[in-house]
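Two complexes, one shared chain (chain A), two partners (chain B, chain C).
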Partner chain A sequence: MALLEVEDLRVSFGETRAVDGVDFQVDEGQVVGLVGESGCGKSVTSLAIMGLLPRRAASVAGAARYDGVDLFSLPRGEMRRLRGPDLAMVFQDPLSSLNPVVQIGRQITEVLERHRGMRGEAARKEAVHLLDRVGIPDPARRLGEYPHQLSGGMRQRVLIAISVACAPRLLIADEPTTALDVTIQAQILELLKDLVDSEGTALLMITHDLGVVAGLCDEVNVLYSGRVVESAPARDLFARPTHPYTVGLLNSIPRLDLPIHEPLRPIRGSIADVIGWNDGCAFAPRCDRVAEECVAGEPPLIGAAHMHRCVRAEEVA
Partner chain B sequence: MLRYTVKRLLQLTVALLGLTLLLFAWFKALPGGPENRLLPDDATDQQREALRRALGLDEPIWTQYVEFLGRIVRLDFGSSLSSGRPIATELADRLPATVELSLFAIVIAIGVGIPLGYLAARKRGSWLDFIAVSGSLIGICTPVFFLAAMLKVVFSQNMGVFPTFGRLTPGTGFTEVTGFRVLDGLITGELDVVGNALVHLVLPAVALASIPLAVITRITRASVLEVLGEDYVRTADAKGLKPQTIRARHVMKNALLPVVTVIGLLLGSLFAGAVLTESVFAFGGVGSFVYQATTERDYPALLGFILIIAVSYVVLNLLVDLSYGFLDPRVRVRS
Partner chain C sequence: MSIGTEPGPIGATTDLLSVEDLVVHFPIRRGLVVERTVGHVRAVDGVSLGIAAGRTYGLVGESGCGKTTFGRAVLRLEEPTGGRVRLDGTEVTGLRSDRLRRFRSRMQMVFQDPLGSLNPRHNVDMLLAEPLKVHGVGSRSEQRRLAIETLDAVGLPSSVLERYPHEFSGGQRQRLGIARALMLRPDLVICDEPVSALDVSIQAQVMNLLEQLQGEFNLTYLVIAHDLAVVRHMSDRVGVMYLGNLVEEADSEAIYDDPRHPYTKALLSAVPQPDPEAEADRERIILKGDLPSPADPPSGCRFRTRCPWAADICAEEVPVWREVGDGHRVACHFDL
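Our next item is the complex of A and B:
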């Protein structure tokens, strides 16, 4: 049994469907990527798993089984006990994700108090240890500082320290490097990798950056318009990208090993607001290889270890 | 923090100096002049001239201003034109009543307004939210004197639940210590006085609290709504913290910042509201005194009152600024 099994996850905000039947799983200690451009439903998927979507605005269907337990049918109090020691999350914007009027130390120790029963000096010591572990220099002094006194990279390290404070079994990182400088991005990714490797934590990495995926993930799920369009082991995906959308994503990354005047080939158009998989492939309007069969009906997810949702995969390859 | 405080104190002094200049100009611009008021209509020009000289009105304008400032610093506002007693004494006698009333009003406004605003935001769109929002609109729109009169008619004259006027039932024996009846009662152990004073405070305090209550409810609601949508509240939720921890440490600590600012401003304006409320309930505070002074054109009395309001306004805002620096670490560093 996988640590996390997401099955036919559907999330809609009123009439708008943000996630339209997503399936994937994360095994114990595995690093899984969830890749796609803005608006494909990857952040909503992660928030749905954590139970952090606004209850009134979002309706969630399908299942997310953690250790065999369906998270969506769990009472709120139970879910709250899982968040922290079992499921933890690192967010995208490290400044707005930390409380501006509460000291860094307090924002760490409150998790330790809540889930590990630590108090006072013990909690403080553990907080220093955690900050030290995520590579923050002079951690004891940082405890008394406020988020605005730290740089962006430091703030993200603090958020990571908070998320790993209770040694969760599954860590969800939602674009943890998007708001950071490139040099810092590499450091943060390295840190995440170290942490999950040493603790055996499973990591669900949400990103739009295939470069991040290449260096980090075991398995990759490519999301388009609220559905998985390709799912494969990372090595396999980069070696034989099958879905035209994945191919397009790879082609739009600048590469140093290609001639300097080779133009980038971006995917034309942008993701549609209202997703339509019912009338055929949702990617069809942007696809270079679109044919009649693409819009004839809903394309199924084909394959076993390397799955894709393209009816013309054979012709494309 | 010390530099911040000193800077604020300097700003405060400048503001007060500006105010005295304004008041002085207002005094000078009043039609007639004091000599016409003090002398009978058939006084001769020589008599007027003599009085002007005696009052120092023939001095250069800046000498008069310095003289004016000097008297203010010595708290010498002159004597009331109607009672003849020194204005400083008159005000000092009545101030405790007004302060006591204002404190009770602001306690009601804060004690009800903040929880109500919070609940309205949490239950946005519910009947409670509807009542809070429409109720606060009515509260802001209702003139204090009207509400005070209505409360008096309904609760004291018709239902007889609360007394109609005064701070204590006439004839009640009490020992004066601070001038605050409730506090005095507690100090001397005269619990009947405490109860009696509280009963007398209810209606005026409720009337006076209406506008601050409405404002605090609205600001709290808006502020909580904003904070609830912040990323750090989501982070707190992702940590699996208890709802009460999230509420206190992550929502309210941030949401109260704008509310504190507004409370400071409201405290200053409470004195103005007290003038009207006290006159309806014959409360015997500064308010009733000023109401009388206004109708009788007792300008020195008004001058003293305006200065007291101004000073309290400025001092309260200083306290708010300082508490802001205390509550929000970002303000502390920027200074």
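Our next item is the complex of A and C:
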């Protein structure tokens, strides 16, 4: 059984459908990527799973089963108990996720007290150990510092330390390195990789960066306009991208091994072209291969290990 | 060669822009009643480079390396503390206010955040006509004609003239930012992180557009960015900056095929590539720690505190520029 199974997830804010029938799963110890551009619904998907969407504004339908239990029908208290020891999340912007007026040490021991029943010196020791684990130099001294005293990379490490304090079985990381410089990004990705390898934590990696996905993920789901348009093992996806959107994204990336000055082959138009588009394939207005059958109806997700949502996939490949 | 930070002879006659030993220091002030200067942030600390007409120079580095300050100082949007900037033979650093303002029509800037650099209360017509008004170019009808012509060049229809910045998507806004920079038909355009706020698919559109406009309007570019892949793709020459200094400079191909400075090597190895096979095999150089404070840079080589190859000499002596190939210079004590 999968550790996390998301089935037909739908999230809408009023009339706006942010997530429109997303299915995917994460197995124990697996690294799964959700990749897509702004507005594709990747962050909303992760917030829905964690139960962090505002209840009044967002209507959530479908199921997210963790260990067979549907998270959406869980009472709030139960859900709160799961967060920490089972599910944890790392956000993009560590400065707004950390409490600015509370010392780093206290923010970590709080989690240890609540979920692991640790107190006093034991909690403090564990906090030092955790900071050391995520590669923060001189951790004992850092405990007394405030978030603004740390650099961006250090803050992200603190956030990861808090997330892994209870050794969660599933860690959701929402663009954890987007705000960081490349050399610091490399440090954080290395750390996440190391956590997955040594603790067997499953990781749901949410990112816009196909490079990050290529280096980290076992399975990849490409999202476009609230739907999964392609889903495959990472090596397979990059070797044989099938959906025109995936192909377009890969062609848009300036790669270090391409000849310089050679024009890139971007996707035409922008996501704004899709607003108000209700029939057929959401990518059709921007697709170079668009045909009549593309606008006739929503194409289904087809295939076994390598799935895609394109009626003309054979011809594109 | 006079001092260690100067990369040999520069300012060859063919260069449109030549920058010599540019220094920008920001004073750090303390005190409520009497302000005292207690130190300086050495944002740019002796950078020299030249850009040939019609070419693209890519300046790459991470946050805080001084690349944006460098670009702004070239246009004198930031007053340089020292050094010289020459554009097409005219010394920009010597111009007084009035002549400087007129001269600015030849050098323009494209900013990272197009929404922040376009006045939200001005429609496109006003936004594009403004630089022309400032410089007293053309009658109202000529200004409009130029605006339509420039919009067409950046791929926007003339129907957008009456619209306001908030009505556009990120990519379209960047096209507007570019159009505005081109209104005065400048020689030099400094693009500061022109695509880093955009989604991948839009980023590629804007990169292609910039390349296409370069030929059409005979532009010389200084592209400032943190993304090595973007810089490499657009540039003929690349300079790598670290903590206020250039550390390596070479032709675009050379810097990626044969990086010689440990920082360049580390940067290159850190760029994630969309290729799982390559990612699995790659040897990553993970740098220790964070960027030191530019107010108190390390002695000797500024990169030594994070460098995997650092030795005693690195703390004692500032590395001098060495030629390691045709037009390929590096400031490192070791031949790596």
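Definition applied: the second predicted complex is superposed on the first by the 310 of 317 C-alpha atoms of A that agree within 3 Å, B and C clash if a C-alpha of one lies under 4 Å from a C-alpha of the other, contacts with A are read in each partner's own complex, and residues count from 1 in each chain.
Assume contacts are C-beta pairs under 8 Å (C-beta built on N, C-alpha and C of every residue); 3 or more make two chains touch, one makes a residue touch a chain.
Treat the numbers as computed from the prediction; the structure is a model and nothing was measured.
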| item | value |
| --- | --- |
| Superposition on chain A - do chain B and chain C clash or fit | fit |
| Partner chain in contact with A:Lys193 - chain B first, chain C second, else both or neither | neither |
| Chain B versus chain C as contact partner of A:Phe238, first or second or both or neither | second |
| Broader residue contact with chain A after superposition on the shared chain, chain B or chain C | C |
| Chain B versus chain C as contact partner of A:Arg10, first or second or both or neither | neither |
| Chain B versus chain C as contact partner of A:Gly153, first or second or both or neither | second |
| Partner chain(s) touched by A:Arg83 [first = chain B, second = chain C, both, neither] | first |
| Spatial angle chain C-chain A-chain B, Cα centroids [nearest 10 degrees] | 80 |
| Which superposed partner A:Pro254 touches (first chain B, second chain C, both, neither) | second |
| Nearest Cα pair across chain B and chain C, whole Å | 8 |
| Contacts on chain A seen with chain B and repeated with chain C across the two complexes | none |
| Complex contact set, residues of chain B against chain A | 230-232, 234-242, 245, 249-250, 253-254, 257, 327-330, 333 |
| In the complex with chain A, residue positions of chain C that touch it | 62-63, 169, 171-172, 199-205, 207-208, 211, 226-230, 232-236, 252-253, 256, 266-279, 284, 286-287, 289-291 |
| In the complex with chain C, residue positions of chain A that touch it | 37-38, 137, 151, 153-154, 181-187, 189-190, 208-215, 234-235, 238, 248-258, 260-268, 270-272 |
| Partner chain B, residues of chain A touching it in the complex | 50, 52, 80-85, 88-89, 91, 93, 96-102, 106, 110-111, 114-115, 146, 148-149, 159, 162-163 |
